[in-house]
Structures are given as structure tokens and as C-alpha cells.
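Handing you this structure, nothing more for now.
As written, the chain order gives the labels A, B, C and D, with residue 1 at the start of each chain.
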Amino acid sequence: MEHLEYRMEAPDGKTVAVKPFSLVGVVASANLEVMLEIVPSEKACVFLIDTAAKGFEASWQAVVRDFMDRWKPAGLKVSINDNAASPSVVSLRLDQAYEALTGE
Amino acid sequence: MTLQELLPKLFPAGNTVTVTDNIVSGEGRTASGAVSVIGTTNGTRLGIRELLALSRLFINVLRNHPGQPILMLVDNNGQKMALEDELLGLNQYIAHLVKLQDLARRNGHQVAALVYGNSIAGGFIAFGLCAGDTYALPDSNTSVMILPAIARVTKLPLEYLEELSKTVSVFAPGVKNFFLTGGLREVWDGNLNDCMDKSFCRDQSADTRDQLGAERGGRPEAAKIIREIMNA
Amino acid sequence: MNLQNIGCNYLEASARKRLEGILDPGSFRELCPPTEKRISPHLHYFDIPVAFDDGVVTGEGTLDGKTVAVIAQEGRFMGGAIGEVHSAKIVGLLRRCLAKKPDAVLFLFDSGGVRLQEANAGELGVAEIIRAILDVRAAGIRVFGLVGGSCGAYGGAGIITGCCDALAVSEEGRIGVSGPEVIETNMGVEVFDSRDRALVWRTFGGKNRYLQGQVRELVEDSMESFRQAAIRLLSLKPDYSLDQLEAEQKQLEERAEKFAGCRDAVDVWRKLGYPSPENIPSLTVAELKSEGGAK
Amino acid sequence: MNADHKATERRCRLERGAAFSDGKFVTPEKMTALLETVIECGDIVCVEGDNQKQADFLSECLAEMNPAKVNHLHMVLSTISLGSQLDIFEKGIADLVDFSFSGPQGARMARMAATGKVKIGNIHTYLELYSRYFTDLCPDVACIAAEMADREGNLYTGENTEDTPVIAEATAFKSGLVIAQVNKIVDKVPRVDIPAGWVDYICGSPRPFHLEPLFTRNPAEVTEIMILMAMMTMKGIYAKYLPRSLNHGVGFNTAAIELLLPTYGEELGLKGRACLHWLLNPHPTMIPAIESGFVKTIYTVGSEIGMRDYINTKPDIFPIGPDGSMRSNRAFGQMCGHYATDMFIGASLQIDPQGNSSTATADRIAGFGGAPNFGCDPRGRRHCSPAWLLAGKESYEGTGAPPRGRRLVVQIVETFHGKMEPTFVESLDAWELQKKAGFELPPIMVYGDDITHLVTEEGIANLLLCRTPEEREQAVRGVAGYTPMGLARDRQAVENLRDRGIIQRAEDLGIRKNQATRDLLAARNIKDLVRWSDGLYNPPAKFRNW
């Protein structure tokens, strides 16, 4: 397992949540679970990632960066348990979790 | 320890225990009265036939000897892994036997299980772990699955598991490891007759194995989580 | 045929989705939710990822207005396998019932049995769950099992199903102790080919378990069928007594005797009096029930 | 000049063969001996190996021949999918092969080619190979498979006709011998697919010919990513171009589209306007679309196991004969796929920055099959349709070329496949295979300039609208996701392409990720398909969980 942490801030980021947390996906083979929680009064978003696939730091960083670009969120705590999902599945789950959290 | 060696140690005052088709039954005499003995021997695998026979023995004690303590003598190599038994619903036959053990305890019988041989996988649940209390002899063996099989299923190297089993008790076979999880009340050593007498004086109304596991360190989380949910 | 008939299937729904579909809308409240992050303390030894709920969802809700405590296993995380945290959540919920006294407990099974990486804790966990279920039943609260997930209920989970008051199972749902691969390994592939899916389902599947008398409700694989079956189960009276177990003994002895030597479910169904037992796998639940009337 | 040499030779062969047959009929035990007698060293021998149906018994008999008696055969095979077909080479009976597809035996083929056991003449597309049966690769002996034969020797090939007519005709009309294995010998065949006069020997096979359910995709395995890609494709391509006729590949990505037609396709208003005429094997995943009234006709190159009862109740849709059963024909099907479809959509294993795609890997020789004929612009096409015209307009407008049409050729792939293998690569493995196997050209399946659209989970790239090689490359990289090739994009150039609508993301198409769920599938498992078919679809045991 590999643990990765990122802290990122989107300029003018904002998140309006419709529920306290959202959870999508299951930790099955080539799949992952993504949990989003709101940390009130925080600007930055924190990503806590535990992944079974070692050595993909660069892809994770790219996926997280694109997620930040796409949604410009704020005050998110993102927790991920990953069982070697492809970056596209990770990206999809992040979007699904964000859509669920914000009701978009 | 063989059944023949075990019985006189448990019952110095004598017993009427017999063995038919690897099913053990009869009574043992103790200072405080008769004890029903129900068990298996020769590491027999528990199939439908064995489970029905054991269940009948429980029903007999429940009907005819209300309140009599029951000592379960455990030696099995697991459930029978046969098509015929699975086809007819082996799970239900095991559950049936388990419920009889539980009901016996509720109906005022002291029910103690002693692993004197092997107790493995579904066999351990069927006959051993669902008694009021579970005990084992030091040279007996409890396991869910042997390490080579675990290695196969988890795709981890056997050498790694063997090394890991020296320090991590939660998955490794053996009485010592199972004791740490809280699954065994005690390991009986010394005077087995005394051990048994003492066990029959215990209050069996609450399941406190989670606390034992926490105290012994084999299950660090269970007791805490159980409490959390109860009080949520 | 039209789209409506496809409905929302139970088989592939996640544990949380199943609870949403079975319980009264909006009534579910999760206890020990994933935000608590009660993860397995053992899986890291094996370099395996954890799940925030350790593969089981526990909580409370209402079903047809009645209060129920619920347990739903997530078959897609490690095959719904039972480890320390997983079993502790279930035991905690069951013990809570003794104080909260819900009308019933619903146990949505989806598990291959004990988690080998936590074998001792899982094995003991199964025993603790059984004890807690029987405590709940002895207190007059009924416990019902639903089996229709992709992992079925095998090993310890299969044994637990037999400790419930009654079961509702889809034909996709499977119940057993040893899995198909184990049977194949022990008996030889010529006796049991675990890759022959039709054979596996006819042996372990919901239809056989229903026809042999182990299952009260055989249902189609849809959320609504499971919900309606669970509501019907709520009308059953609690009974955990010696009389009931003696009746069960009789039933199990008769089954063992009547079907002794059967090596295929088709033989069992023929002995049950079905004129064309080989067609049973292709019948719908409704057809099977009317076939039962005609036999 | 004498021009009856082959006919004379044919008579000699038949005279020799008489010792092992009872008229046309040969018992299975005598088949190998017969083959040794009628086949001569250096013959061109065709063994019917179709996509599905296999003359497996005859192939095994060929492999049992004595290489001291019969050798140096030149095999012509459309599909190499059985071990016995390569055993013929392993044993030194044959040494040269011309073929189309060898997917299932690709790895062994590569090994045998490397050791010189097999010499490869050419790898063809199906249509090319059939064409050569009639020109320079006429079989001296053809081994075919049929369901039934009558006492005279008429053959019924039924729903699995596939390659048989082409092989039998090419052989029978060039003085070759046609030998058939049949599952059953009957008094009267339901209809005559191959007339007795073209058939020289018939053998009741000891077991029915081998058949694979190659076209059955279990809806249970359709993932949310596939659904997302299918939605983008349907909204961004199907709803825009409205292709009236089309071919779908056999992968899960296109199965997902088939399963979304009755739901998302209906929502997009595709019904009656697009996807009316199909060229396909009868994919079970088409059942919901057929039942929902999307499909007018399906011409089939072969059948599919378990679909017979369903197909035979739908003569409006499938090619059903007066006898009430279907007939397929791979040659005609390939022709339809080349000339009569507005769109081809399929998947590939590797795509390079120019959009060239290939399924070849360095240690597998898999061949082409039919994909290159479908995955290209048929430059001989002259009939018009809205999709063809619109694609042509996008492609040629403003280039100075005269107005013309163009077929849509769509590749739909995930950016990674298998165990995190990138689909997008800087250089195709096909180049390495070319070097290793000594081919004259790298085995490229679909050339980049034939591809009109690329769809990945990241979005759609419309290559028709690219006007320079640089634009095209950035369009490919711009949908290549987190593969190294995708990460090497020029981010600004990609954003510019997005502004021009050459690249479209899900959000550009108005598709939310949370919409892409399995709830959108018209069938979620095989049992749902059986329900849709009113119990007429009878799936093989390996797809059942009941």
C-alpha cells in the first residue's frame, strides 16, 4: 500500500454541499471508494489517498489537479481507499462523489 | 490426547461414555452429579449424518435431563465437504445443532465445550464455538484454514505468512492464537476434573468474548466498536 | 416485455442501495457510518486496501412503518468476508436491539464467510453473531435474512442464515457452507465442475433452497420483490423453543432420508414430485409456484 | 492448348478416393486415409474455420495424416482458432499459410512463425482472402462443415452458413474437391444451402462441429466507464450524424451502446431516425433494442449460440429463408459492412498519436479479420445518405476537393485496458512485430486517416475537423487521458481544440457523471435479455446464474 496526501487550493473556490458527506464506489478489484466531507471554514482541499498500486504518484497528482480545475471546490476532505483503479475510474468517482455532495 | 486418555482424567469417578460411528455420548460422574457428554472423535468430519446424531443427543438431554451440565468433547477436521451434504443444505443442519446448544444454555444447562483434538473451520462453529464457554487442551489444534491454503487464497508467499504468523495472532492457526482473540475462555492444564468443575460454576448468561479479546490484545477493536454501536 | 419490468435489481445493488430500496423511503439511519473510519486493523499486514465501513452497513429504519434494525453486507469488498470490525458492527447492532426492541432485524447477506486474513477474529465473530441473533430471538424479536447478493451466503454466513427466523432468497442468491471450488477440489471435477454455472446454481441457488424447505420466500431479483417479501415476513410470529427445534429435527431427518444418495438437484426435485424437474431452472418464480400447485 | 489438366487430375483423385468411400459417404474411421489419398503434396487446402463454425473433425484428420505421404501443403484459412489447425504445420504436413484472423491461436502462431514451422504468405482481410480463392489461391481440396446432409449430398448449413458458400463455390468451380463434415445425415434437408453436385465427400462427424458464443457480452460486465463513453458517443455522434446503417464491433463498449438504445437512445430521439439497418452477428445485447422497435433489419455474417429460436420468430429483421430458418453469409456480410453502412464503430488495443490503431502485440500474430474493410472509407461508394454527406462535408469542406461523402469510422476505447496497459502509445507494437516476423508492412488494423472519431472516457475527438497533422495529433492526445501519451499533450492546444468543438468532454455535451449508472441499461444481466426475448433466447450454461 502507498499513502499519498495532497493539499490544494482553487482560486475563488467554493462548494455548497447538500449533505454532510458523500461516499461513492466500493473497494473492489480495479475500483475504489471516494468519500467527500465538508470542512467548514477551510479554503484548501485535502486529499488522503491509500492505494494498492504503488508508483503512480504522477497520475494521482494529475487526476487531483484536473478535479480541482474542473470543479473549483473549497473546504473538502477527500478520503480514498483504492484497489488499483485506473485513473479514469478515479476521475469518474471523484466527479460522482462531488455531484452527490453538491446535488449538481 | 486421545479420548481414552481424556475420559478418566475428566471423570476419575467413572463414566458410561460410548462411541458409535465416531459420535461420543454418555454420562460422566462427578462429585456434584452426572454430566452429559456429547462429542465426536477421530477427527471426524461433520456431515449431515453426524450433525443429526449430535442434535438428537442434545434434544434427549433437554427433554430428559433438565438442568444437567453438558460437556461437549470436540475433535473434528471441519465440516464434510461433499456434494450430497451441500445439496441438502448442510448449513441448515449445522445451524440446527448450534441452536440446540444455545437453547440448552438458555434452558438452564451449563454447556461447556472442550477441544481435545482438532477443531476446524465450519466444524468449530458447528461444535465448539457456540457452547456457553469454549476451552481447549494445550496440545489440541484450532484453525480456520491451514497456512498453505491461506497462501493460495490470498496469493501471498507461504514463507511470508509463516514469518507473519509468529507476531500476528489474528489469522494464524493454533490454540495460543485463538486464545488471544478471546475465543477460548481458558486452556485447561493440570487437573482436568477440577477445571471442568470450576467451568460449570461460571455464569454463562453473557457473551464476554469481545472483552477477553481486548484484554488479551488479539482483537483490539471489536469490544470498542460493539460498545459504540450499542450506545450510539 | 418493456423497460419497467427490468426494475431495479437487487443482485448488483450496493449494500447501501439495497437498504434504500428495502426500507421505507428516507427512514434509514446508519450507525457507525463510514465517516467514523472504523477500518480493519489487520489488513495492512497483507498489503490489502481497507474500506471505511469494513464491508458492512449497520443501522436502523422502518419497513412498512415497523421499526427494524438492519445489517447489509457489501459483497464487492473482499467478498463480504467477515473480519473483526465487520463482525463487531453486526454484534453491536444486535446487542443494541435488546435495549431498543425493534419489531424485527433484517440481515441482508452477501458474504463468502470468514475473512482469511483475519481468520480467528472472523471465525469467532461468526460465533458471536450467532449468539447475539439467538439472544435477540429469545427476547421475542424476529430476525429475517435476505439472500440475493453476488456472493450469496457461504461458510459462516451460510450457517448464520440457518439461525434466522426465516429467509427470503432470490434464485440468484446462493446458500451453502463449502463453496463450489472446494467441492470440486474435494470430489473431483468429474463429480462437480465449479465452472458449470447452471450446476452451481441448481445446487446452491435460491430455487433448490426454497424447494427443499430451507427458505420461506423465493423472490424475483428485484428490489421491490425483496421489499414485499420482507414485509410479508414481518407477520410471522417469533418462535425459538424446544418444540420448534424438535419439529426442525424431524424435518431435517426426513429430508436426509428422502433424498439420500441424490447427487443433483434435479433428482431431489423429481423425488419431490415435479413432473419435469429439468425445466425448473428456467421457470420464473410465479411459474414455479403454479407448477408446485400442479404437481 | 490443353486446358483440362485440373479436371483430369480431379477424376484421378476421385478414382483413388473410391476405395475409402461408399459413393460420397465416408465413415469417420476412414477419413484420414481418404485425405491421404486424395490430397497431393503441395496442394492448396482450405479448412473451413469461420469466426464461429469450425470443420474441427476434418482439421484433426488432416493433422493425423502421415507427413511422409502428404507434405508441403499450402493452407488457406479465414480463421485459425483451433489447435489442430496449427498441428498440421507442427507435424510437417503443411508449411505455408494464407489467412485472415488467428486471434485465439495468435501466440502459438507467433512462436511457430519464429521457428520457421509456419511460413506466412499474407495476412488478409476476409474479403481479400475470399477474393483470392477465386483468383490465385483456388483450393485443390476444401474441408467444410455443415449441419446436415441428405442422402444425395445436399448440404444444409442453416444459421451458421458463414464461409461455406464462398469456399464451396471457389473450389467446386475450379475442379477442386469439396469434403464436408456434417452433424447429421437426414432424408431431407430443410433447404439446400450447398447443392449436392458441388460436394464430393461427406462424413457424419463423431460430434457436432465446434461453435463458440463469440458474440455474447454479459450486460453484468458493463461498467460505468463504458456507459459514460456510450452516452457521449450516442449524444455526440449518433444524434449528430444519424447513421441509418451501421456495424458494431463485438466488444463491451459497443454492447453498452446497444443496451442504452431503448433508454438513452429513446431520450435522444434516435428511434426511427438512426440505427435502422445493421450488419452484425446476432448479438444477444441487441434484443432490447429490437424489442423496443429501434431495428428494421439485421444482416448477419454468422449466428450466435442460443439465439436461434428468437431469430426465427423475426423474419422481418433477420435473413430467414422460406424454410423458416436463418442463413448467414460472411462474404455478403463483409460486402455490406464495406459498402452499405454509414458507420463502423469498434475498439482497438493500441492507438498512436496519428490515430493509427492495431491489435498486434510483439508476441502475438492475430491477423485482421474484417475490421480493415469496415474501418475505412469505401472510396468506391457512390450512394448518398445524410450521415455520409455530413461526414464528407466536415472532412472536405474548404479543402478545395469536390463535394463527396465519407463513412464514419469510430474507435471507442478506454485509455487504459487490462492491467493498466495504456491504449494510447507513442509507437505501435505493430512495428516491433513487423521486424520480428519479417513482414513487409506493419500490421496496422485501421489507418489513422481512415478514423473519423475517437471516443474515450475523457471525451470525443472529431478528427474530420482537423486540418493539419499537428491538430490531429493534439486531438488524439487530448482524449488520451492519463496515459503517458495523453499527459504529453500541449494543454493550451487541446483547450483550443475544445473551444472549436473538435474535442468534446462529457460536460461539453451536457452529460453528468452521475447519469452514467448501470440503471440506464435496458438489461443488466443475461436473465434480463431472456426476459426481453419472452424466453426465446436460450443462453449457454456458462452465462447463466440460475
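One rule holds for everything that comes next: a residue touches a chain if its C-beta (ideal position, glycine included) is under 8 Å from a C-beta of that chain, and two chains touch if they have at least 3 such contacts.
Model, not experiment: these values are computed from the prediction.
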Worksheet item: Considering B-C alongside A-D, which chain pair is linked by more C-beta pairs in contact?
Response: B-C
Worksheet item: In terms of Cα-based centroids, which chain occupies the most central position?
Response: C
Worksheet item: Which chain's centre, taken as the mean of its Cα atoms, is farthest from the centre of chain B?
Response: D
Worksheet, complete the sentence: Chain centres from averaged Cα atoms put chain A and chain D apart, in whole Å, by 41
Worksheet, complete the sentence: Separation of the C-alpha centres, chain B versus chain C, in whole Å, is 24
Practice prompt. Just give me the whole-number Å value for how far the CA centre of chain A lies from that of chain B.
Written response: 46
Discussion item. From the mean C-alpha coordinate of chain C to that of chain D, what's the distance rounded to whole Å?
Written reply: 43
Discussion item. So which chains actually touch one another? I want all the pairs, not just one.
Written reply: A-C, A-D, B-C, C-D
Fill in: For the chain D and chain C complex, residues of the former touching the latter
220, 262-263, 291-292, 518-519, 522-525, 527-528, 531-535, 541-546
Discussion item. Under the stated contact criterion, what part of chain A meets chain D in this complex?
Written reply: 53, 58-59, 62-63, 70, 84, 86-89, 91-92, 95-96, 99-100, 104
Discussion item. Touching residues of chain A toward chain C in the complex: what are they?
Written reply: 1, 20-21, 23, 26-28, 31, 33, 35, 37, 50-52, 79, 81-83
Worksheet item: What residues on chain C touch chain B, complex-wise?
Response: 31-32, 36, 38, 41-42, 45-46, 58, 84-85, 87-89, 91-93, 95-96, 99, 114, 116-128, 130-132, 134-135, 138, 153, 155-156, 158-163, 175-178, 182-183, 186-187, 191-192, 203-204, 208-209, 212, 214, 240-242, 245-246, 248-249, 252-253, 255-256, 259, 261-265, 268
Worksheet item: Any idea which chain B residues touch chain C in the complex?
Response: 48-49, 52, 55-56, 59, 62-63, 79, 81-84, 86-96, 98-100, 102-103, 106-107, 121-122, 124-126, 129-130, 143-145, 150, 153-154, 156, 164, 168-173, 177-178, 180-183, 207, 209-210, 213, 218-230, 232
